[in-house]
Amino acid sequence: MSVTEMFSHIQGFLSADQDIREDIRKVVQMLEQTAREILTVLQSVHQPSGFKEIPSKCARARELFCTVRTTIADLKTKFPMEQYYRFHEHWRFVLQRLVFLATFVVYLETEALVIREEVAKILGIEVVREKGFHLDVEDYLAGVLIMASELSRLAVNSVTSGDYTRPLRISNFINELDSGFRLLNLKNDPLRKRYDGLKYDVKKIEEVVYDLSIRGLTKEAETSGGDK
Amino acid sequence: AQDREASAQSSSPVIAAFKVFQQELDTKHDKHERLVKISRDVTIESKRTIFLLHRVTSVPNAEDILNEAELKLDAVRQKIGQIAEELRGEDIFQFHRAFTGGIQEYVEAASFLHYIRHRSLISLEEINARLVFMKSEKEDSEGPADTLQPGGQVLTFQVSPSDYLLGVADLTGELMRMCISSVGNGDIDTPFQLSQFLRQIHDGFSYIGNTGPYEVSKKLHVLRQSLGKVEDACYALRVRGSEIPKHMLADVFSSRTTHMEPEEGVV
Amino acid sequence: AQDREASAQSSSPVIAAFKVFQQELDTKHDKHERLVKISRDVTIESKRTIFLLHRVTSVPNAEDILNEAELKLDAVRQKIGQIAEELRGEDIFQFHRAFTGGIQEYVEAASFLHYIRHRSLISLEEINARLVFMKSEKEDSEGPADTLQPGGQVLTFQVSPSDYLLGVADLTGELMRMCISSVGNGDIDTPFQLSQFLRQIHDGFSYIGNTGPYEVSKKLHVLRQSLGKVEDACYALRVRGSEIPKHMLADVFSSRTTHMEPEEGVV
Amino acid sequence: MSVTEMFSHIQGFLSADQDIREDIRKVVQMLEQTAREILTVLQSVHQPSGFKEIPSKCARARELFCTVRTTIADLKTKFPMEQYYRFHEHWRFVLQRLVFLATFVVYLETEALVIREEVAKILGIEVVREKGFHLDVEDYLAGVLIMASELSRLAVNSVTSGDYTRPLRISNFINELDSGFRLLNLKNDPLRKRYDGLKYDVKKIEEVVYDLSIRGLTKEAETSGGDK
Amino acid sequence: MSVTEMFSHIQGFLSADQDIREDIRKVVQMLEQTAREILTVLQSVHQPSGFKEIPSKCARARELFCTVRTTIADLKTKFPMEQYYRFHEHWRFVLQRLVFLATFVVYLETEALVIREEVAKILGIEVVREKGFHLDVEDYLAGVLIMASELSRLAVNSVTSGDYTRPLRISNFINELDSGFRLLNLKNDPLRKRYDGLKYDVKKIEEVVYDLSIRGLTKEAETSGGDK
Amino acid sequence: MSVTEMFSHIQGFLSADQDIREDIRKVVQMLEQTAREILTVLQSVHQPSGFKEIPSKCARARELFCTVRTTIADLKTKFPMEQYYRFHEHWRFVLQRLVFLATFVVYLETEALVIREEVAKILGIEVVREKGFHLDVEDYLAGVLIMASELSRLAVNSVTSGDYTRPLRISNFINELDSGFRLLNLKNDPLRKRYDGLKYDVKKIEEVVYDLSIRGLTKEAETSGGDK
Amino acid sequence: MSVTEMFSHIQGFLSADQDIREDIRKVVQMLEQTAREILTVLQSVHQPSGFKEIPSKCARARELFCTVRTTIADLKTKFPMEQYYRFHEHWRFVLQRLVFLATFVVYLETEALVIREEVAKILGIEVVREKGFHLDVEDYLAGVLIMASELSRLAVNSVTSGDYTRPLRISNFINELDSGFRLLNLKNDPLRKRYDGLKYDVKKIEEVVYDLSIRGLTKEAETSGGDK
Amino acid sequence: MSVTEMFSHIQGFLSADQDIREDIRKVVQMLEQTAREILTVLQSVHQPSGFKEIPSKCARARELFCTVRTTIADLKTKFPMEQYYRFHEHWRFVLQRLVFLATFVVYLETEALVIREEVAKILGIEVVREKGFHLDVEDYLAGVLIMASELSRLAVNSVTSGDYTRPLRISNFINELDSGFRLLNLKNDPLRKRYDGLKYDVKKIEEVVYDLSIRGLTKEAETSGGDK
């Protein structure tokens, strides 16, 4: 085989790789579009009028997750599954956003942390790497941290909307999350950085609870009977 | 022709000299590699200790964590003992670049533990006092070290002032994280204590200014940011606290804890 | 309060889940660290092999050196076997960053040896063909690999096209060094051969252009410089050779060798 | 000990360090001055008239090395000897230049490579690290490589001056050096880079020898009896 | 044509280009000066006393926009219009500033988002590219985002000045803007980056509204009779 | 004149220049040392206990400025005055720091902006270039901007120390400064960049005032009788 | 028009723009592919055997330029022509490469500098901006400078291949080019930088001619009857 | 003085400074133009036909230096002379080019190094700083080093033109220059770097002389009677 032939041969590999990446990029763009739509649906919970509509908004989001599953199913066909990490960078960002949206929907529905298995199911993917397109621990955790930040905003806006019990529940939830994260030996830089942000969310929510406490608004909430 | 080379290699004093150089260079390089690897281990374990220590703000049994951290650091010190072993009889500055990263991270971890225990800055001397190692006899015991243990030999490792400073500079980042967590946990004393302590370290570093090593000046900017975050946190506590009389403040925070307890079983 | 934390830790599904995450993350991180260390060893030993191979232009017993290099590379391949062992059942791209440096250096060394032996470019397939390892049984033998050795198990390592290209790009630097040495040793064929070969590799890389990975484009500049140096060397040989008839040229150079011999004993 | 006290304490270390460095810098400047003077003395060998004066020039250089020894003796007093590598960067450059000058002088005198022990003696320093201010292998080798490059220039200028035997002797010498260097596993970047330069020196000298050979000027030299 | 003639000819092209750029630069400097003056006029709304003066300040700013129109009219004469994008970089920065100032004036007057057509009219330029010197979509959006950031500051200072209703109105306005931007599929890097900043403005304003809510200051505002 | 004579002659010039620079560097190091000491003295105003001590700290700083004047007087003797700009780079940095320290001291004493003439007097230098070692406009402005940033920190820490009136006064002061700077047509890159930072200081202080306003702490301060 | 309508409207603009850019990128990739193929064809002139094949290689390159023209014709359809400079960055790089290849082909064929008009014709584009997709002066010059650097390599390899007359002709050609460029008052940074590289090409070729001269090889060439 | 007044006052200073710089830039551009013309005149000496024309080319260059003097005279009027170093950066580059051109002209005329006083006279400026616009030592030396590099090119091209004696004379001249520079204790970074380049020029010229020597072309030159 001459040098020229060898380079043509290698060029074959490279072109194939580029084609795959091009295909992946297109599907990922569709995922991003859907993710943005889900976000727009869920953003309305921050509006004063938004709290009553939580169930309907969550239902709407759940519908959009069908589209997500279809698109991801399409994505899976674009590359050999054992090379997941070869192309990981392409969908890592949107996958974390989708984890955030999924965990946020479930939180709004049940006020509990949805486990990785459940998120994977919502996205139509696996948990165990060997089984196929899967949800990485890091990506799951990153998505959870984005949600934590969204919850700190929700705590603030709950008060604006006159719901004084929700911040306390959020506070407990976030504290538990924080304890969980403290167990981890994070070395991975971007996740570590995101986790550092969690402290600010904890702090922000704590401040909201404090503001309610000193005004006796937490007790008021208790006595007036929680809406949940 | 083959014997030409062979004879040249054996007879030539130049070649003979270069064979000696080769050995000398390879020995040095191998030692450097070994030190790099130990240093990586020191870094990783120190980082894990720091992570562990951050849990101290959220759990009630702080002492357990401190003890666990102490154990982890003992293991790190054993590694540093290996470094000291490698450096025995060497000019340590010759290999400084190989292990400085690990040592700085150790200083960060050790000073963090010390601050949590004693609310003070560990001194360079205190750091170094823990880096004395006993070595069971091997080869010749060079000179009569005042041995506590017969047949043993004392080996020390001296952290350089620069590495100490660089470790302490990084410590401030961890203190900032701790401050923010404390606020989140309703601890109102720690943030004010931390802000005072951080300010002292900050003033210390600005006193040193650019007379220290170059890397220190580079870290000053991050230090200043950390201080800013801590000052902002104290400010927030004060501003919010201003809305009710001071004596009620503690109650508010402690009530939070009691308030939470019943729910915990549920979750 | 102590039991509160304790109970929380044990009962909470969140905490339980995070304990699993912790293990998963630590395992991954530890594996990454081990791979980094093996990769460093691969790099160092490959570099030493390259250095050894450069002696081939100056000694008469080239075959000895080639054999020694082959032995060194066998050792490197054992190390790569360890990498393959670590990657068994993993998605290798997950840890690619940890070992890419070592693999590139190995490709550089192996392709250098191959060029000296065969005056041709080793192919990716040839590289990979040497990275098949036998593993004596341990744990469960996953699937019936067509074993040459009963109870053994075949393990392969696949160099990626990018790593291959990056290694070959670095090879050009070594070829340039070899060309310059050859000129210095009065070898007039090797430079012209090398310039043709380097030009082919250069044209190959410019054919690939920016369609390859980013790092390749970055190395193109150095490659072009190396080619320039080799072309200059050939030019110099030709210009000097132009002063006498071609058939005399070889004599001049070979006479140099004979001319030297008597003196060698003296030095 | 308060934080302030501790920083004052550390500042003490730093100031002491800076003072030492300042002292070292001054002595090193003197060394550089002397090194430049030695170089000027030795440069004359490249001039057509310079060859006959080699002995006197070497003698003059030897005198200047006395100054070098005195200055280095002074340098030794400026810092604790076991911290050689702490301050190494300050004198590394000039030390390599001095090694070059010393090896060049000895080459001009004897046409042989002076061993490290001998260079160390000329500079008034040690070879073994434990014994005090010493000559590092790397620094010795770097100095030798600078000399090799000077020799390639000397080969060229010998021909201009009509000395046709010297290039052959230089060629043999350089080839031996090259064989020596090939034994080394250089990883250290700057030394490796310098060594790569040696190949060009070898090549250059080889070209000179070649030019002489094809013109039959080497034989002429032999028969006409070397001037050495 | 000789090489010399050819290059003389080319020099003509290059000189013409440089002259145009010099001319453009001078006019752009005048635009920057006027923009700075308008900014100084509008900054006073952040002062406690500034709210009553909004109408007069806006009127003053409107006058200064006359100067802007004149200067831009001058700018248009400096280069062939179909080469707008050849020289775009020269005025892009100041144009975005001017869009910000125009949208800010209109917001202060009407508390509504001014459309691109209207901004173009204020600046005396076109919307449709084919018609001449026009306002690029990206530049319009960039200006709007600068205004959003200014509004978050205004929300803060409104409270300081004792105006507790304005932050709520700003909050609604900014939320609407945010939804609008979420419709866009932004690729363009600098705009995307700016848009990421909008999130912080939204959050900041929500926190101001929160602070008012928890203190019952929003109701107070309502009962005391909203000014709107 | 032979080449050698000419170069010897030139070496005279170069040595003189190097000696001057060496001398300047030494004096500048002393200035930096004193500047750092003044900074350490003034930093204590950020400590909770520091406010009462402002007068004594300022007095101490004033004493240290005597040392500064002496050192600058020494600096002036090191080079011919018409070559101020030849060596400007050597002291530019420390001079800006000293301007900052001087303006900060005066601000702490009088809460007013000290004019360039006054700063020059504190440092013992001139304002008018022709009169000798002077304070460049750019250096004065750079120092003022460093102070602005220090004041934003002071506003935050004042609140922490329970002083609720100081931030309002700082806010007014900073706003005035900002208007002043907006009058300038800054070209000079480093100064322009520093000025862009002022925006953040303004915003930061406005938020502090906001936090106080919304809690009625500004009024409290007023009624309880300001200490000023 | 509501904010939402407005942003939907704007999204239309943005999408159109992004589609155009996507289309352009694809066509530009095809151009790059062809350019790389032409380069591979022409690179062979550096091989010892390559000189005889110059005519056939040039013919082959000319064929590939047909593909270039077709592709550029396609490129022209992707965007409105008056927005040439809006999208210039996308094809600037490949256009300069193509200019280089075209000037190199013509040089190999005729040993003369091809004027801009001719290059434009080879590429199937205009010279006059107003007429459509055109060849910018700067891009033309950049391409010419790339060729100059290729010629210095060709001069070296000509000698290696035993052609001793070509370097002289190249030297004259390059000197003429250099004089031409000196007529230009270059401001434009990247072009200026490229031009600075021309100096090295000039020097390199002069040294080749020198090497031939000193060996009498230029005369030999003359007497043996130039091939031109 | 109010803050506003103070800043208006300061704006005056800043504007004046910017105007001066603008004026200087324009004059410097004219100097660059003339310098480029002189260079074009002198470049012809590298052409085979150029040697006979040296006197006429030098005369032509001398004429152009009249323009230089007039332009520099104009430059002097643009700023107060004691602020020479405040604006030095603006003309430093072109001044060094002019020194190079002046020293090159004089070298071509007399084959000697022209001293600084003489260069200053050609440029119509001073040597002594106190007397006005002067020629800095560093700028003079930088210009001399540029000339050295031009001479190495001239040595090469002399041989091509068949002049075998000139390289020897250049070699002697350059060696003298090199010795001169070795007397200097260079600290200044850019000058030091340039000086390091001199080594290569020395070597290059030595190799030219070598090439002539080994072919007996130097003797030929001697016997055929030097043209000097």
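A, B, C, D, E, F, G and H are the chain letters, set down in written order, and residue numbers restart from 1 in every chain.
The rule is simple: contacts are C-beta pairs under 8 Å (C-beta built on N, C-alpha and C of every residue); 3 or more make two chains touch, one makes a residue touch a chain.
Owing to the predicted nature of the structure, the values given are computational and were not obtained by experimental measurement.
*Asks:* Which chains lie in contact with each of chain B and chain G?
*Replies:* Both chain B and chain G are touched by C, going by the contact rule given at the top.
*Asks:* Looking at A-C and A-B, which pair shares more C-beta contacts?
*Replies:* A-C
*Asks:* Which of these, A-C, A-B or B-F, gives back the C-D interface, meaning over half of its contact pairs coincide by residue number?
*Replies:* A-B
*Asks:* Just the number, please: Cα centre separation of chain D and chain E in whole Å.
*Replies:* Roughly 66 Å, centre to centre.
*Asks:* Using mean CA coordinates as chain centres, what's the chain A-chain G distance in Å?
*Replies:* Taking the mean C-alpha position of each chain, the two centres sit 50 Å apart.
*Asks:* CA centre of chain B versus CA centre of chain D: separation in Å?
*Replies:* About 42 Å, centre to centre.
*Asks:* Taking each chain's centre as its mean C-alpha position, how far apart are chain A and chain E in Å?
*Replies:* Comparing mean C-alpha positions, chain E is 34 Å from chain A.
*Asks:* For chain H, which residues are shared contacts with two or more other chains?
*Replies:* As it turns out, chain H has residues touching two or more other chains at 179, 185.
*Asks:* So which bits of chain C are touching at least two other chains?
*Replies:* Residues 8, 12, 14, 29, 44, 203, 207, 243, 264, 267 of chain C each touch two or more of the other chains.
*Asks:* Could you list each pair of chains that touch one another?
*Replies:* Final set of chain pairs in contact is A-B, A-C, A-E, B-C, B-D, B-F, C-D, C-G, D-H, E-F, E-G, F-H, G-H.
*Asks:* Applying the document's contact rule, which stretches of chain C touch chain D when the two form their complex?
*Replies:* Interface residues on the chain C side: 44, 47-48, 51, 54-55, 58, 177, 180-181, 183-186, 233, 236, 240, 243-244, 248, 252-253, 255-256, 259-260, 263-264, 267.
*Asks:* Quick one: in the complex, what on chain G touches chain H?
*Replies:* Chain G reaches chain H through residues 175, 178-179, 182, 185, 203, 206-207, 209-210, 213-215, 218.
*Asks:* Spell out the residues on chain H that touch chain F in their complex, using ranges where they run on.
*Replies:* Its residues touching chain F are 1, 3-4, 6-8, 10-11, 13-15, 18, 82-86, 88, 113, 115-116, 129-130, 137, 141, 176-177, 179-181, 183-188.
*Asks:* Show me the residue ranges of chain B that touch chain C in the complex, using the header's touch definition.
*Replies:* Counting only chain B, the residues touching chain C are 1-2, 4-8, 11-12, 14, 29, 33, 36-37, 40, 44, 59-61, 261, 264-265, 267.
*Asks:* Mind pulling up the chain E residues that touch chain F in the complex?
*Replies:* Touch residues, chain E against chain F: 33, 36, 39-40, 43, 46-47, 153, 156-157, 159-160, 162, 208, 211-212, 215, 217.
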